[in-house]
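Multiple structures follow.
Below are two complexes that have subunit A in common, paired first with subunit B and then with subunit C.
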Partner chain A sequence: MIMYLLRRLFLLVFVFIALSVFAFSLAYLFPGDPLQNFTGLRQISPEQYALLTSEYQLDKNYILQYLAYLSRIFSGNWGMSFSSQQPLLQEMKMLLPATLELASYALLISFFIGIPIGILSAIKPDGVFSKLVSAVAVAGYSIPIFWWALLLIMLFSLGLGWLPTAGRIGVLYEINHVTGFMLLDILLAATQHQHEALLDALSHLILPTLVLATFPTTVMVRFTRDSILEVWEQSYIKAARAKGLSRGQVLYRHALRNALLPVIRQIGLQFSTLITLAMITEVIFSWPGIGRWLIDSIYQRNYPAIEAGLLVISTLVISVNMLTEILHTLFNPLARKR
Partner chain B sequence: MNLKTRHLLLLLCTSVFVGGCNNDLPETVRSGLVYCSEGSPETFNPQLVTSGTTIDAISQQLYDRLLDIDANNGELIPGLAQNWQVSDDGRVYHFTLRSEVQFHQTEYFQPSRTLNAEDVVFTFNRIMQKSHPFHQQGGANYPYFQSVDWADLVKSVVAETPYLVRFELSRPDSSFLSNLATDFAAILSAEYGSQLVKSGKLSLMDSLPIGTGPFRFKEYQKDVLIRYYRHKNYWRELAKPEQLVFDIVPNNARRMAKLFTHECDIVAFPRVAELGLISKRADVDVQESTSMNIGFWAFNTEKPPFDNVKVRQALAYAINRDAILQAVYFGHATAANSVLPPTSWAYNPNVEPQSYNPLQARVLLAEAGYPNGFSMDIWAMPVQRLYNPNALKMAELMQADLAQIGVKARIVSYEWNSFRRKLGAYEHDSVLIGWSADNADPDNFFRPLLSCSAALTGSNRANWCDANFDNLISQALLTADQNQRRSYYFAAQQYLAEQMPLLSIAHSQRFQAISSDIKGVKINPYGGIALANAQRDSK
Partner chain C sequence: MQLLDIKNLTIELTTPDGLIRAVDRVSLSMREGETRGLVGESGSGKSLIAKAIVGVLNKRWRVTADSFGWRGQELSNLPYEQQRKIIGRDVAMIYQEPSKSLDPTAAILDQLEEAIPDHRLEGPWWKRSYMRRRRAIALLHKVGIRDHQSVMQSYPYQLSEGICQKTMIAMAIAKDPKLLIADEPTTALETTTQAQLFRLLASFNQLKGMSILLISHELELIARYTQSLSVLYCGQLVEAGETASIIKQPYHPYTHALIKSVPGFQPNLPPKTPLYALPGSIPVFQHLPIGCRLGPRCPNARKECVKTPALERLHNHYYSCHFPLIGNKAP
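And then the complex of A and B:
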C-alpha cells in the first residue's frame, strides 16, 4: 500500500513538473517581452529592467530560469496581473474559493440526488419511473448548459422575479473576505443582520448551482443505475438471493458496496468537466470565480494571469483526480492487494 | 431562538424562495442604492480623465467644486466658494470659501482640519506646477485642463487668507468660471496630500480618494463594484442613501436584466432600441434629457478635394439627415443646425438648416470640377457614444446617399485607440465622430473642436484653421458682456454654416432607466450624475 501511495505521489510530482514547464514556457510563447510576462509589470524602466532580469535569472540558461521560476511559484511571488496590477496570488485567493464553493455544492447535489435516484431507478429497470428517469437524464446530459442557464434566468429571474441573475450576494451587503467561501464568511462576520445576508446569498446560489449540477447529476444517475444493474447480474447476488435474503438486504449488503466503488472513481473523472462547466456558469451568472477571471484574462491578453490560472486549475484537477483514485483504492480490497 | 434553529428556519425559508422573510432589512441595505454602470472607472481623481464613465462614478459623489452648475438653467451657483469677485480687467478672481466644510473621515485618513484656501491652491497647482509633488502622478496628464489651455491661462493661485483664494489669469477669459464648475475641477485635500508625501505612497492620492462630497469611499473591486458610504459630516444636506454601490455591468442586456429583477435601481445608458420595451413596464421609468452634445461628420480640410468649400457644401447637401435620425438614433435626437444645441444661450436660430438636395449637390460638385464625382473614405468610430450610437450604420446610410451624387465612399474603422491616434495624425478623409460638452459655456463647443490650437494638438477633427473664425471665438472670450459674446457666437455659427468644415448631424438625448420607486434623481445635462438625493419611496 505504501509503495502504491509513493508511486502515485511520484506520478503527481512528475505531472506537476510537466505542467510547470509548460506554464514557464508560455512566458516565452506568448507575444511580448518574457520579463513582462513573468512579472506582469506594464512599464519597466531600464534600471528596473536590468535589476529584474538578474533577479529572475533571465540572463542565464533556460534551466536556471526555470528553477528560479519554480522557487518563485513556491515562495508565492507569482507576478502581477496586467489589467489590475495586483499580485496574482492575492487575486487567486479571492477567486478560487468562489469557484470551489460553486463546484462543491453542485457536486454535493449530484451526489445526494443523483445516486439515490440512480438506485431507485435500478430497482425496477423496466418500470415507468426508471424509463422517466432515463429520459430526463438523457435530456439533462445533452442540454447545452448556457442555453439551460438562460432558460432558467428567463423563467425565474425575468419572468417570475424570484431569483437574482448575477453575483454571489446582493451588492449592498458588505461581507468581509475571510475564507472566501461566502456562506462561511457570512457566518463568521458578526453582523446583526446575518440571516438576511445568508438568505440573500442562498438566493444567489440557487440558479448557478442548479445549472452546474445538471450535468454531473445526470451522469451520476446513469452511472449508478448501470453499475447496479451490472452488479445485480453477478452470481454472488444470485447466491445471496437464493440464501433467502430479501431484496433490500441484498441491495444494501452486497449490491451497493460493489456498485458504488466505480462511482467514486467517476467523481474524479467528472471533476475536470465540472470545472469547465463552472467557467461557463460563472460567465453567465457573473460569478466572480476563477473561470470567469481566466476567460476575461484571455480576452484582455493578460498573459501572466493566463499562465497562473492554467497552472492552478490544472493542478487542482489533477490533485482531485489523484485523490479520488487513492480513495477508490482504499475502499476497494481488490485494488489494494494489487 | 438560538442561532442554529434560526439558520435552519432560514434555510427552510429560502427553500420556498425569497419573499415574506425579509421585512427587517438592515438600514445600509434598505436605504442603499445600486447604480449599474457601464464600465470601471480609470481613476478616482476627476482631474485626470475626461471619460464620462469615470466622471459619473466619482465626481459628484466624492467631491465638491468651487462653483456648481444649476442643472435647470445652466447658471453658475455657489459651491465650496460662497461668493466671488472679478476685477475690472477680468484678470483677477477672488473666491471666498465656505467655512466648516469637512473632508471625509475614512480608515486611511482622518482629517484634522476643515477645508481652507490651502486645499484649493494644492488642487490647482497640481495641474499647473511641475514642481508640485503630485504633478507627475498618473503621467502628468490633465486632459480637460490641457484642452482649455489652463496652464497658459492661469498665472497663479494664491491663498490670501485662510478663506480667500486669488486666481490671476494671463488674459481675460469669460469661460473661466464655467471651467471651475466642471466635474473635473474637484477640490482635493492638501492635508491628505502631505500625509501621503510623508509615507511615500503618492499614488494612493488617486486610488484611495478623499474629498468633501456627499459620499466617502469604502472599497473598489475592479470590474465588480465600487462601494461608497454616506459622508456623515457633509456640509450640505446629508445624502439620502446610507450606502451607494456602483455595480459594474458592461454588458447591455445583462444591465437591463438586472433592472427588471431590481438588482439595479438605476441603469446607465439603456440601449435606445430597447426603450420601448422598458416603457411598457410599470416598475421602471425612462428618464431623458437633451444633452449638451453634437454628433458630426468632419472633413479633413487640408486634404484635396476637401479643401474646396464647394465640395464640402456638396457633400453636406447629399446627406439625408432625417433618415439617419430615424435609423441610427431611433428618433431620440434632434437634428443639429449648428454645433451648439438649441438649449444653449448662444445658439443662433437664424442659421438656415442644412437641407437634403442631391441635385444641388451635383451642381456644386460640377462647379468644383468634379462632375463625375470622386472616391473618398468615411472613418466610422468603432465604439458607441451618446452623440453617435452607431457610427458604422450611419456610414452605411451615408455611403448610399453619396452614391446618388457619384461619390464612391469607403468605410474605414480601426480599434478605438489606434482610431484616435490616426485621427490625431490627420490620416483620414472624413470622420463620423462627435463631442459631449463638459460645461454650459458655448466656448466648450468651439475652441476644443475647431480652433487653430486644437488643429495643432490634433483634436480638431476637421484639421481646420481659419483666422476669421479663430478671431471671432477669441473675441467672444475677452468680454464678459453676454450680449456682446452672443453676437460673436452668432457670427461664428453663420460662418461655420458657410464654410462647412463639418456637417452637424444630431444632438442626442441621454437616457437612463430607473426603478419607479426611486425619487430624486435627474440626468444632469452638464456633467456627471448626482445621486445624493436619491431616495426609495417607502410604501
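And then the complex of A and C:
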C-alpha cells in the first residue's frame, strides 16, 4: 500500500513538472515580449527592462529561466494581471473559493440525489419509475447547459421573480472575505443581519448550483443504475441469495459496495467536465469565480492571467483525480491486488 | 421420508425465436439422507435444475412444475416469500466457480458470519457477535481449514480455489441444511483437493444425515460417491435409479453409451482400443429434435422415437425409452 502511494506521488510529481514546463513555455508561445508575459507589466522603461531581465534570468539559457520561474511560483510571485495590474495570486485567491463553492455544492447534489435515485431505479429496472428516471436523465445529460440556465432564469427570475439572476449576494450586504466561501463567511461575520444575508446568499446560490448539478447528477444516476444492474447479475449475488438473504439484505451487504466502488472513480473523471461547466455557469450568472475570470482574460488577451489560471485549474483537476484514484484503491480490495 | 419430490419440472427460455425448452418435464425425487448424482453433458440442464430448486434463475427463464414437494409439503401452493423462506432455511448450494461466488470486496469472515442464521445461536443478545465469531471459526475447522485467523481476514482473491470452495461449503453447512446441492463443486480444483472435498461431503452425509444432490459430468466420481443417480440428456431425464444397478445394467442407450465411454468401468479393455462414443454431438438449443432428443444419435432408434417416451418403472429403476436394453440386448 505504501509502495502504491509512493508510486502515485511520484507520478504526480512528474505530471506537475510537465505542467509547469508547459505553463512556462506559454510565455514564449504567446505573442508579445516574454518579459511582459512573465511579469505582467505593460510599460517597462529601458532601465527597468535590464534589471528585470537579469532578475528573471532571461539572458541565460532556458533551463535556468525555468528554474527561476519555478522559484517565483513557489515564492508566490506569479506576476501581474495585464488588465488590473494587480498581483495574480491575490486575485485568484479571491476568486477560486467561489468556483470551489459552486462546484462542491453541485458535486454534493449529484451525490446525495443522483446515487439514491440511481439505486431506486435499479430495484425495478422495467418499472415506471425507472423508465421515467432514465428519460429525465437522458434529457438532463444532453441538454446544453447555457440553454438550460437561460430557461431557468426566464422562469424563476424573470417570470416568477423568485430568484436573483446574477452574483453571489445582494449589494446590501457587506461580507468580509475570510475563507472565500460565502456561506461560511456569513456565519463567521456575526453581523446583525446575518440571517437575512444567509437567506439572500442561498437564493443567489440555488439557480447556479441547480444548473451546474444537472450534468453530474444525471451521469451519477445512469452510472449507479447500470453499475447495480451489472453487479446484480454476478454469481456472488446469486450465491448470497441462495444463502437465504432477502433482496434488501443482498442489496445492502453485497450489491451496493461492489456497485458504488466504480462510482468513486467516476467522480474524478467527471471533475474536469464539472469545472468546464462551472466556467460557463459562472459567465451566465455573473458568478465572480475563476472560470469567468479566465474566460474574460482570454477575451482581453491577458496572457499572464491565462497562464496562471491554467496552472491553477489543471493542478486542481489533477489533484482531485489522483485523490479519487487513491480513495478507490483504499476502499477496493481488488484494486490493491496489483 | 421423501425429502424432495419434483414432478415434471420444465424450464423454458424466452428468445426472439420463441420459447426454448431447456429442461423438459424432468422429475426428481430424493429421500432424506440420500446422496443423488445428477449426470449429463454440459448443456444438458443440470445446473438449471439446481438453480431452479434454489430459486436464483433470472427473470428470462420460465420455470413450471406439476408439483414441488418438500418434506411432504406442497411448496407451489405457498406464496413466494414463504417458499423462499423454507428453501432458504433448508437448502444450501455450492457452485462450480467458488472464487466468483464470493463477494470480492468483503472479507471471508463477514461473508461467513452472515450465512449463520440467528436461530442457530444460543445465548443472550449481547453475546451474539462473540458466539457468531466462535461458530464461524468452528465451521472453518469443520471443513478442514486449520489456519482460520488468516483465512477469515483474507479477501477471496487472496485464497486458492480449493480454500474458497471449502469456505463456500462452510457457509452452506452454517445453517445445517436438509439438502446440499453441489453444482460441479470440483471442476476448478486439482485432484487431491477434489478427493478431500468429496470425503468432506460424504462425512456430512453420514454424520448429519444431510442429503446431497451432486451435479457433475464425471460419471466415475458420481458412481463412487452417490447412492442413486439421475441421467439427463439435453434437458430430458433418460434414466434414474440406484447408482449400482444403473452402472451394472443400464436400460437406456444413452446411459449405456455413457458408461461404455468411461474406461474405468471396463476392466478388461485392451490397450489402444478406441473408446466407444455415440455418433454426432449434443444438439444446440435452437434445433432440438422432437420426441426423444437422443433420436438422431441413438443406435437403435426407430419410427416410434419421434414421440417422447414416458418415464417407465421397473422396480426402483426409471427409464424413458421405447426400446430399453432389457435382457442384455446390447446395441
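In this text, the second predicted complex is superposed on the first by the 338 of 338 C-alpha atoms of A that agree within 3 Å, B and C clash if a C-alpha of one lies under 4 Å from a C-alpha of the other, contacts with A are read in each partner's own complex, and residues count from 1 in each chain.
Everything below uses one rule, namely that a contact is a pair of C-beta atoms (placed from the backbone, for glycine too) under 8 Å apart; a residue touches a chain by one contact, two chains touch by 3 or more.
Everything numeric here is computed off the predicted structure, so don't read it as measured data.
Of the two partner chains placed around the shared chain by superposition, subunit B is the only one that A:S157 touches, whereas subunit C remains out of contact. Applying the stated contact rule after C-alpha superposition, one finds that A:A166 touches subunit B and leaves subunit C untouched. Once the two complexes are laid over each other on the shared chain, residue contacts for A:S84 go to subunit B alone; subunit C is not touched. Once the two complexes are overlaid on the shared chain, A:E233 sits against subunit C while remaining clear of subunit B. Contacts of A:S134 after superposition on the shared chain: neither subunit B nor subunit C is touched. Within the superposed three-chain model, A:H195 lies in touch with subunit B and out of touch with subunit C [touch as defined at top].
Of the two partners, subunit B and subunit C, it is B that touches more residues of subunit A. Of the two partner chains, subunit C is the only one touched by A:L245; subunit B is not. Applying the stated touch rule to the two superposed structures, the subunit B and subunit C interfaces on subunit A have no residue in common. Listed in rising order, the residues of subunit A touching subunit B in the complex are 83-84, 153, 157-158, 161-167, 170-174, 191-193, 195-196, 198-200, 202-203, 206, 286, 288, 296. For subunit C in complex with subunit A, the touching residues are 51, 54-56, 58, 84-85, 87-89, 91-93, 95, 97, 100-106, 110, 114-115, 117, 155, 157, 168, 171, 175. Those residues of subunit B that touch subunit A in the shared complex are 6-7, 10-11, 13-14, 17-19, 21-22, 24-26, 28-29, 32, 34, 218-219, 221-225, 227, 243, 245, 247, 249, 254, 257-258, 260-263. Within the complex formed with subunit C, the residues of subunit A that make contact are 233-236, 238-246, 249, 253-254, 257-258, 261, 332-334, 337.
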